[in-house]
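The two complexes that follow have chain A in common; it is paired with chain B in the first and with chain C in the second.
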Partner chain A sequence: MVTINIGSSDFAAILPILVVCAFGIYLMVQGVLAPRIHKLTLAYIGLAGIMIAMVSNFYLLGIETDRAYFEGMVFVDKLTVTLNFIFLLTAALCLLLMTSYSEQEEIEFIEFTPLILFATAGMMLMGCAESLMIIFLGLETMSIALYVMAGFRRFNRFSLEAALKYLLLGAFATGFLLYGMALIYGTVGTTNLTQISAYYSENALNLNVMALFGVALLVIGFGFKVALVPFHMWTPDVYQGAPIPVTAYMAVGAKAAGFAAVLRVLVLATGQAAFEWSQLLWLLAVITMTVGNIIALVQSDIKRMLAYSSIAHAGYIMIGIVAGNETTVSAVLFYLVVYMFMNIGAFAVAGIVSGKNEQHVDIKHFAGLGKSQPMLALVMTVCMFSLAGFPPTGGFMGKLYLFKAAMESGYTWLVIFGALNTLISVYYYIRVVVAMYFQDSKESVKMAAVLPGVGLVLLVTLLGIFYLGIFPGTTLSLLY
Partner chain B sequence: MLSIPVHYFLILGAILFGLGVVGVITRRNAIVIFMSIELMLNAVNLTFLAFSNYLNNVEGHIFVFMIMVVAAAEVAVGLAIIVAIFRLRETVHVDDIRLLKW
Partner chain C sequence: MALESILFWLFAMLAVGGGVGVVVHPNPVKSALFLVVTFFALAGEYVLLMAHFVAIVHIAVYAGAIMVLFLFVIMLLNVQEESRLAGVWGFMRYFSVVLFVALFVQLGYFGYQGFFGAENVPLVRETEIGTVEQIGTALFSQYVLPFEIASILLLTAMIGALYLSKQKLGLGEPARAARVKEALHEKEEAH
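Up next, the complex of A and B:
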């Protein structure tokens, strides 16, 4: 006989997720019942929901943390709270981007706000998962919402193609992930991550083929979600085809969620086994950085360039994962926060420059931006310098912490590869800056107006990048 | 009672999973690819149930319910996307759907 004990403290542990889901359901019903409601009203209600979820996230700090809830399904610790914060902030910024994007493209977006809320709920579930089941559920909640969001420009062939590719390859990867989970379940006899961790560290030396194969399939599944080479083929196509705010959301949120699950499973759970895997992960990190950066060199489309840059950045984050020591979690979290600011900033500027129907997404369309729109050019420059890793931006400090974590574990060569890759990446980031300040635009590009929502996003990203670059210590101690 | 050993189920699951993978890689019709993915998920379901029965542990059964729910949601979204593509392009052949390439 199975008895289930669920108390009110269990629900308190997932309060932000409940808030976000409740607002998502409410907005969906509202959109159906009152279809003529102004679309911006829905977006602002959604933003209010995200704000309430952020406040309730602080409440999580107050309840008894560092323990599992829902009979070992959900785990609340500082990592959970920080990840929730990252996901909610990403959702809020992307929703603001979408409000102005929908004006520019004149698309209906009643469904968009609920979808982004549901995707965020899925990400937060992944961040607090203590069971393979919850990781799977969160991953799919996020992915299914993202499939729809990628195809949101329903009458645009690029957008639909992106949705189809994302769907087919995403579901394919989910199959591998699930098979890995099945094999791990069969080996250990439970889906609880703590017990799996105990099993893997006890039997680290005599794991059978099934146990190792299970972890390998899990790595493939997660590798797809965070776009590690060689599982990255979908990334540039999907990022290019999807609407820009959705691309920003995928590039930041989905990647952060994937790394949240990687942290939960590979670093915190299968700790000892992950050590055995560090050779494989080491190789993945190096290939991912190198391939991402080298292909990014030849891209002319800004969205594709940022897609390959996001692949390279997944490689940098893998450096921290490979390190696998006590500084890993805080270094990875810090990098995810920085990555959020700099990528959303870059995509926000790209969204404004691209104009109607995303006609002007080529890097040459950025020419002359320094004269015509100095503020936009400034934000883009800061984001590019931060992505390339120049001080005093947050990107520099983020890379520093990741490399430091790897050095502490003795991965000198990995750090050297990382530094070389940073040098390669400078070329294509600077190309955008050069285009903006030192080239004159041949054709007069008609740009969308900068609406207050986007202005706010640009301001937040600018402040965020500099704050993290100049005062990293305070943030780092807050994160983990 | 005569019972079928667990590894029979596991081998069947592995074969079904392999067939699904081969289907995804070789077929060119989006709907058939999607069916192959469903085959992979069902192979996983079978594996979970076999383990669950063998270990006498209920978690595998619950996991299978989750997979079925998620697969149903995925089919709903997936077929909607495929229909939308067909309306726009009048094809669901993945070789024809390749505007995005580097």
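Up next, the complex of A and C:
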């Protein structure tokens, strides 16, 4: 006789995921049943789905937290709720950007909306995973949707190249990840993260080769997803080829999901074993920051520049991971929230300036924006200052918390490297600001119109950056 | 017991022999057929391990569906003889030897540890673990969530494949013609 120990509280624990998946499936059927439906209607239904998922996310706070559901498959705690919030907000903002972007470029919302919803569901699964199996399935759901979304401009060579490159390299990285999980499973005999954590802390001093090797392979697999140097090669090409809203979604959502998995596995589960690798992670953080920032100095394409900047920011977040103390989780989460606002804001402005078919993506096309579109220039300036880490923006507070976490664990040199890198990065962020305010445009750039959807995104990012910069305490107390 | 080990060695030889055949045979079609031999031999090994369900699925999915697809593609592409890698990539052959040795040493090391290591627990053979009923119970009780997520994963992949391969986007025919023209123009400019 089969007994199934699954109650309604189990389904409540994954309520946002269920809502998002249900809307994804509904939208697909809707697109088939009513082919003449206005394409934007589909996007707005998708947005409504994300909103409902956000509301149900608050419901998670009400149910019994800090315990596992589905027989040890998912775990609900504050980390889960915060990560769900980040993923859902990212999806909503990017879908809004996409509705405006569809004026510049033909986009099929029948496929796009379900894909972005399923990708978000995959990310949320990674955020609440309590088993290596769930992490793997969530990661693959997210990645496969992203491979397709990167190639959504089907008539553009660069977009198709991006999709193919991302697919091939992503599949390769998945192999590493799976091999690592297999080795850990072979050592511990379970995929449950709590039991893995118990095993690693018991045998911290005499771990065998297989256990350590498994963790190293996991680092490679996750390092690819969050674009750490030397696993970053795909990033600039894929970010450049993908449609701008998808690039924003990848830069923010995929990175946050990757770091969510890193937090769950490396910090919370195999923390003891990761400690053995902390020298390696230290090195990865320094190389990632330095290479990302130095190559970004010479980029003239705004999308490539933001791609290298996102690599550098992955390095900053790694500082918090290396620290590995009780402030790590809140510092990393806070940075991910700030990073979401400032990156989506920058990509939103870049999407408007690029115009039809993304023809104007060079930094020189931003020249004169301060006079012709003062509000756009203001948002871009705030985003650039925040990415560079000037007070009173959220980027400053985020870096401060990361550096503080590292200082508490005694990684002084790491913080010095981080500060030096911040100085380097100021140059290429300020370059955009200088172009906007102090240079005159030589050619007339035909920008896309600022539609209400994009306007809302810009407003939200602007408020978010300043709110997190001026009142960081209110958000931080929610996190932990 | 004797019959079991005879069968084990028979299937093992077949599997390894088939695997070698896949790599060394110059004709791609025959190479693919060797892969079928390997799959059947592996299915035999699964039966010996009491994993009946896995054995059946292995034959139905791998030896059946996927191999037919392989052969289909090879025959459609009409590949005659394998062409050797040239230039810089020729070195990859030597590199592959290094990788092969590394993998072999690794497997040997773990195998050695498993057999002669300190925690040498005698193998307990579960006679019921691989039956269809047991797997069905596990899938719908403990592993119901991963099982259902896998369906979302496959759905995502299906939507993606359809989008990337469908002939005509929802655009009207004139818009599409203009789009193709634009793409061609862009290509000319690049040259």
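Observations, loosely collected:
To be clear about the criterion, the second predicted complex is superposed on the first by the 476 of 480 C-alpha atoms of A that agree within 3 Å, B and C clash if a C-alpha of one lies under 4 Å from a C-alpha of the other, contacts with A are read in each partner's own complex, and residues count from 1 in each chain.
Throughout what follows, a residue touches a chain if its C-beta (ideal position, glycine included) is under 8 Å from a C-beta of that chain, and two chains touch if they have at least 3 such contacts.
Here the structure is a predicted model, which is why all the values come from computation and not from measurement.
Contacts of A:Asn203 after superposition on the shared chain: neither chain B nor chain C is touched. By the touch criterion defined above, A:Val148 lies against chain B and chain C together after alignment on the C-alpha atoms of chain A. Of the two partner chains, chain B is the only one touched by A:Asp237; chain C is not. When both complexes are overlaid on chain A, the residue A:Met28 reaches chain C alone and has no touch with chain B. Judged by the touch definition given at the top, the superposed model places A:Leu137 against both chain B and chain C.
Contacts of A:Ala163 after superposition on the shared chain: both chain B and chain C are touched.
Comparing the two interfaces of chain A, the one with chain B and the one with chain C have residues 2, 133, 137, 140, 144, 147-148, 151, 154-155, 157, 163, 186 in common. Taken in their complex, chain B has these residues touching chain A: 10, 13, 17, 20-21, 24, 30, 33-34, 37, 40-41, 43-44, 47-48, 50-51, 54-55, 57-60, 62-63, 66-67, 70, 73-74, 77-78, 80-82, 84-85, 88-89, 94, 97-102. Those residues of chain C that touch chain A in the complex are listed here as 109-110, 113, 136-137, 140-146, 149-150, 152-153, 155-157, 159-160, 162-164, 169-171, 175, 179-180, 182-183, 186-187. Contact residues on chain A toward chain B in their complex (touch as defined above): 2, 132-133, 136-137, 140, 144, 147-148, 151, 154-155, 157-158, 160-165, 167-168, 171-172, 174-175, 178-179, 181-183, 185-186, 189-191, 236-237, 240-241, 295, 299, 304. Of all residues in chain A, those touching chain C in their complex are 2-6, 14, 21, 25, 28, 35, 39, 70-71, 73-74, 106, 108, 110-111, 114-115, 118-119, 121-122, 125, 131, 133-134, 137-138, 140-141, 144-145, 147-148, 151-152, 154-157, 163, 186, 208-210, 357.
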